[in-house]
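Each chain carries a letter (A, B, C, D and E) given by its place in the written order, and its residues are counted from 1.
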């Protein structure tokens, strides 16, 4: 995935909003890239641009050598939105099966995949419930399961673990890393948690608002194999510190 | 019990007000009659008279009830004097019109939601179409159809459809557009086709809107069928009853036909509501 | 049998008893005709129906038929079963109306839908403006029934001798409480129910023959109805699909209608036609745009001659 | 058969033009598209009437209707004032106003709501053709009876929508009001009335066309000697079909304007609603 | 605030849900109590019961010697809900002013307070925008500002900082502590972040689901004055450890 001087401006009633300005970034296949930055800095917008849900107003963006739109048509993306966005007239299992139906998976295959991803997000047994019967955290997990079900090459996740408590979050972090290691997917991941970003990523992109831009890109030197307690190593703490500094700098701009 | 109590209370209040109104509105006539006959009426005689007139300004509830009972149960249902028979004639046209109208409304809505040219050209004219006074063009519609050799149920059904397609169109357009940006974005991120988006997202989200407007539409269909009956030669159907009733000044007959029509509408709306409940429950949308 | 459709001007009632009797008694069948009678109603314009091909013959008032002729629909009178007119203006005496001179300052109910021509002709003749005010009259478009008089919303209303007048009496008002003006007697009479076809029908000899048979059978029906009013009323009731008519009222109506058809063999009286045209022409105004010039070919005796020839 | 060729050609041609124009989606093109569509319809109508020799007493051509409009401007204006301004508009304002007030009143009482709504739905289903003669009998021949018909037609749709709107607040919003211990009037004024606006306008929009139809139709059952319904019915009797259609055109324009104005106010008032934000 | 054997059961279509069972807790005036626990353990439900938004099905609950409902009427509560819940037809400033209008503050007073709290949550200059024109995090901050504006005695906050990045979160944590120190409010605070709970609270209540109950109450031994870097002290880490253990125990129950 290559972004070259990407600009994205929203025209609003009270003037243009520069959500992205001059964003350059290359993400290689199989990378795990986290985006972090103050709220309103364009993280969601950038992810949406990659998934061809917004069209940049300047610069160029290619995904696997295609335009984002072509990639979208080739069903390259699994997208987890900031809010769960489950369809209320379908059960949890039905919601997870929906993209599979659309992509034409067989019935047996669908059932098997639904079971598997439900297990992955620790929601076994909740397949028959309707979304409003679950707590906010459970809904968010269901929406993650939905994005995982069809094995897209590129996984884009917008604050997927925001509504979860630390313990479950840790477990899901581990599961995600595991999945990534096994499948070699390319993952774009938005988070507000510095430890989470450091723990998961091969690269951390720090962004800053007004206009939305990239202020720092930090390469992780951590090995690919990461037990949870790697978070107590000095190396981890050092990287986290760098990210925190980057973030703080972005905030300083603001004032 | 607890559900019936409020309705009964309101009905009771209406009946009381109605009797009072009947006394008030019919008194003039009773007094004029007395004056013409050169007699004086006691208050009691006046009240008694207001409740027993043959052509009252406002018939009393019991007069209407008797008229209804006579029309509904007092006749063989195949008799031309039976309200059941006339109701049936109207019902047939209503259902046909409802079918045509809602199908047209749904199809147009689908077109409008998916095709911008259609949205921009059809919608303003659909609004304009509803401002055409239907009673004015109904006779012409009937005549035009008759000259094309189409008579009987269909012309009435067309007029009825004319009135019912609009609520369905408006409701369905709104319903098909309810999916929010995120739900649509999800579909896009899966590269779903238009048909898939329609069947799996737009249509299910439109269901509550569809049913709400179907309820309006079926009542409108009934009105359309009745309006269509007037110029169809005023032979049979509740519309013909209403008209001939007013032609011969038979207020009680008008009110009985009116109540039959309203009851029919209530039953039809309740039937749609039932289908709605079942469908929404099946879809898991009823909580 | 030859098919033929007759469009009435109004709902099924004894006003059209002759046709229903002819149908019921098999007079049409005897003439090898298969006649369909379509009832009318307040918003049926029979002229429109015949223009659209929905009927072969219509029952219409002459003023409306002549107006249609000027509008480019070539209607031709082929027979005139109603010799007399039944249109009247009825006023409550208590409003102080005794003669036409008393009209100014009062409110009058008038039927429109093409029935208003005689009224405007009369007002023109009297020189009474119809825009209201002190020395004019206020005109209301009267609805279907006699309520405006009973409710005192109008001082006078239009009635037909055979229908609404009876309803007023039924309502308990006696004739001596009413002042009634008959249009014929006021010299603005116009021919009422006649039979009309479009001109092109008359170009076809076969059709003329069919119409002649129809008129013959219809007139036979009328004569039968005049002689057997109670049976005729019952036949009308049997043919009323709304089930709203009462036998009593239809018997009254039959009795009154018989007075109007009495002595007619169906042939149009030329003098009466001339009077109708003269009245219409004497009172051309925006409210009364029936005709602006002498009509030509608006009637024929061909059909009645053929019908009577046998 | 050959007649059908130019008709079809015109249809396809303008549709193609519209499809192309629609892609720009600006205010001007949107107007243009609707206009072209309407004009096409008119031209098709004219072509059909001429090519198939439809008698004008059945369906007049648009050109004849236009002539009629040009010939009777004062007549049409007088009818417009009588029917639309006096009958429909006043009735609509009274009916909708009463409905809003009643909705707020019975909103406080679930008892009344449960009792009135079913009865109200029943009354709303009474066909106008039945009500109109009765109301003309009660309220006389002038515009008052027409306004009464309109009030009856408008009242319940607005009432039902308004009640639904007043109930359309979510649990979170109500909980907030509770934590601030807001009184009845406060939460009515600050929460439930604003939340009800999209529903109210839905009802108001639907009833604009109802109001017109009601006022015109009521004139069929008795009227003074002007008004659109009066004119339509007498002109049919006189076979002056171009004048009938001229009145229909006025009605359609007035109705669309009326609807458009309400829709415009709606846009202003409910600017915050998701369906308006895009 | 005293809770004595509080039970709260929801009747649902598929049987009763025991959201709270036998909850005993006393919160003294001026305390800062955090609630932590897996999703669905009844944190929100308990906060709602305190604010008289739910009625316990058993046990007794008193607030300042009154019933919760009396306290609500006395306008004792400022409540920040889990979702922002701003009114779309009012600007941000209008939203914040709303409770002030309801409580009858004067116009000048309202303006002054709105300005102050907007500053507190770092949203100066956004008063004139409509809610949907802000990013999720900004909306959440606006809703915090709204609850702060009218100086209620008791502040109940349900995951108020969930959608914020670490830097802003730290700053707002500090600001909150500051406010608490200055005003001596009683604060009930739901969070999923262990460090946040430990940093802010005088007492941490650990809850556990099915049925929802309190499994541990940890008294903080930290001083009232807490600079941000107190989080690196061994004392802090020890408390955090205890909380984590408590949480983990709750999760273990689950399996």
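Just so it is clear, a residue touches a chain if its C-beta (ideal position, glycine included) is under 8 Å from a C-beta of that chain, and two chains touch if they have at least 3 such contacts.
Chain by chain, the UniProt names read as follows: A, E = ABC transporter ATP-binding protein; B, D = ABC transporter permease.
As the structure is a computational prediction, the values presented were derived from the model and not from experiment.
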Can you list every chain in contact with both chain B (ABC transporter permease) and chain E?
A, D
Determine the set of chains touching chain A that also touch chain C.
B
Which chain pair is joined by more contacting C-beta pairs, B-D or A-B?
B-D
What whole-Å value do you get for the distance between chain A and chain D (ABC transporter permease) if each is reduced to the mean of its CA atoms?
49
CA centre of chain C versus CA centre of chain D (ABC transporter permease): separation in Å?
38
How far is the middle of chain B (ABC transporter permease) from the middle of chain C, if each middle is the mean of its Cα atoms, in Å?
35
Roughly how many whole angstrom separate the Cα centroids of chain D (ABC transporter permease) and chain E?
50
Give me the residue numbers in chain B (ABC transporter permease) that touch at least two other chains, ranges are fine.
57, 135, 139-140, 143-144, 147, 230, 243, 246
What parts of chain A, by residue number, touch at least two of the other chains?
none
Could you list which residues of chain C touch at least two other chains?
42-43, 45, 48, 52, 143-144, 147, 151
Going by the touch rule stated at the top, which chains touch which?
A-B, A-E, B-C, B-D, C-D, D-E
Show me the residue ranges of chain D (ABC transporter permease) that touch chain B (ABC transporter permease) in the complex, using the header's touch definition.
15, 18-19, 21-23, 25, 29-30, 33-34, 36-38, 41, 58-59, 111-116, 118-119, 121-131, 133-134, 137-138, 157, 206, 209, 212-213, 216-217, 220-221, 228-229, 232-233, 236, 244, 247-248, 251-256, 258-259, 274-275, 278
Which positions of chain B (ABC transporter permease) touch chain C when the two form their complex?
28-29, 33, 36, 55, 57, 79-82, 86, 135, 138-140, 143-144, 146-147, 230-231, 233-236, 240-241, 243-250, 253
Give the list of chain D (ABC transporter permease) residues in touch with chain C in this complex.
55-58, 133, 136-137, 140-141, 219-225, 230, 233-234, 236-240
Where on chain D (ABC transporter permease) does chain E make contact in their complex?
170, 172-173, 175-183, 186, 190-191, 194, 197, 270-274, 277
Chain E residues touching chain D (ABC transporter permease) - in the complex, by the definition given at the top:
48, 51-53, 72-75, 77-79, 81, 83, 85, 87-89, 98-99, 101-103, 130, 132, 150
